[in-house]
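The first chain written gets the first letter, and so on, giving A, B, C and D; residue counts start at 1 in each chain.
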């Protein structure tokens, strides 16, 4: 599905409670940054095994003055099983460090922000550009390299381009599972 | 290790034989593109399990008019075991589709290009910018997302930025290992 | 740590609520079978990523007239976050099909069965022989092959030994990621 | 495919050269032990990623006085690429420690032992019981737990049953990727 150009403005977040942040977060307040939203449910296996680790990696690797990663707990089933008290422990045990909001309950089983974005389920990865426009919406498993390329393509690189040199890893003599070193 | 600025010019490739290309390839001929070189040995476990699959992914995901991926067979041990006849079958069985050159034998056990780049072993991932300058040199396992970010940071994005929208995957009703879909 | 011989009798289960079974289960009622107990917490990452999938595999592969697999929800932290209403949804979403009991709350933060077995945390894998004796207690990650060997070593094999012949998988012509077929 | 009962006698090995053993090995010399044969090609991706690591695990976990693990290099394509000189380096780099034989060249592209067993490709996992009878023949990917159960089902367990107790792993305080420990 290709969206029409020009890109639509991303709907504002409707969040009832935040974790990992001192103050509520709005998309309008993040204008000028790329925003990556990981929409998830804490009992969704695919969110746990790849969606959330991927979001945490984006948070860890991309420069935070240019890319803001947010989690959004979009519960659309088993509501009683995924209350904020459970989510709070989940965030702690899985060591998620980016801000995570609870999507506001709506009139249907689907919460409000999830409905505004017409998401199809969890995990969904949303990418918003510096002008607040919706640029990508993935449902299901998306590859790390593909996602990184998509986000980077919206960044501005200038003199501040990473100097990414250096040796990633020292290994011992000969081959181990990571590589073969000169002796 | 941080390299000195300004970035040094990447040494030219010294290759005795090419696979997956109709004509020999030179770095000078690729000026204007970012060049990613995966230096490997076909019997190096870490090259097989992550270095080469990562290079293949870069080749598959990044636009080829901007990023050129090359393999370089830098044999520095077990020379008799990794002759070009074996490499050719290896490339076929592992379905590698990017151009791969055999690094020229040198005076020591280390081949010439490997020595010119002062590589520490295999796999090594080299990134060269559009001006032919050496920008990154990884030894061992490098993360997909980190590498993708580094390469993308050297690209030029303009009106041609990817429109990366659409749904990555349809899943059936309810949760499977990839995600949870709305019913 | 090697336990003293003769093997001690495994303490009886103390369970407040069962899932995936029509009637409460007791170890004494399972005498004559090998019993494998997977003690877990639904918000413990290692339980989700390997302990529970391993228990499900044992349930799927071993003959059920000889080996009984049980889950035991041994919550010792974040009690409010892992109530039975949340556990029920968790069991559903992760498609666990073996019987799972909720370990009875005790006087400390540790539940009663967990305390009786002196478990050190979750996941813990307990193996009990046909005579009701405690034979193995693993804490943390245990290898699939090692665990399978341990369980099998307690079984009786006779004329009913599996005839495990046949072809595991058809693959297409040539090599794919699973293997290389004759053409 | 279900094989006819009674189980057929496994054909003797026809091997031109051995690695990792001081003397040639025959099935008749191993009578009384269960024999597991991993038939592979060094350039077969599925053999490298799962067949050979699985065989190494069987060698590491099962008692060697009861279970003998053998590798068999059954080259049926790219013969020039997988000569013994290359195999020797492969065995070294992948740290395979069980005996490995080179299947004798035959009249067709298929080597002799491979033909005698009517294997369908690589990796193939063959299981032979203590009486020298062929009991299992897997082609492609076979699960670790399933294979371990099949081998164990052919063993004799008595007073020597493993006492498999003890703690598999110490973890630090709280949860890490392997588990959650009591504080």
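Here is the rule we use: a residue touches a chain if its C-beta (ideal position, glycine included) is under 8 Å from a C-beta of that chain, and two chains touch if they have at least 3 such contacts.
The model shown is predicted, which means the values in this text are computed figures rather than measured ones.
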Most distant chain from subunit B, judged by the mean position of its C-alpha atoms: C
Interface residue identity across copies subunit A, subunit B - same or different by half: same
Between subunit B and subunit C, centroid-to-centroid distance (C-alpha), Å: 43
Distance from subunit B to subunit A - Cα centre to Cα centre, in angstrom: 27
Centre distance in Å when subunit B and subunit D are each reduced to the mean of their C-alpha atoms: 34
Per-residue overlap in subunit D, given as positions that touch at least 2 other chains: 44-45, 49, 77, 93, 175, 180
Complex interface listing, subunit A residues touching subunit C: 43-45, 48-49, 77-78, 80-82, 85-86, 88-90, 92-94
In the complex with subunit C, residue positions of subunit B that touch it: 93, 175, 180
Contact footprint of subunit A on subunit B as seen in their complex: 1-3, 5, 41, 44-47, 49-51, 54, 57-58, 61-62, 76-77, 110, 119-123, 127, 134-155, 157, 161-171, 175-182
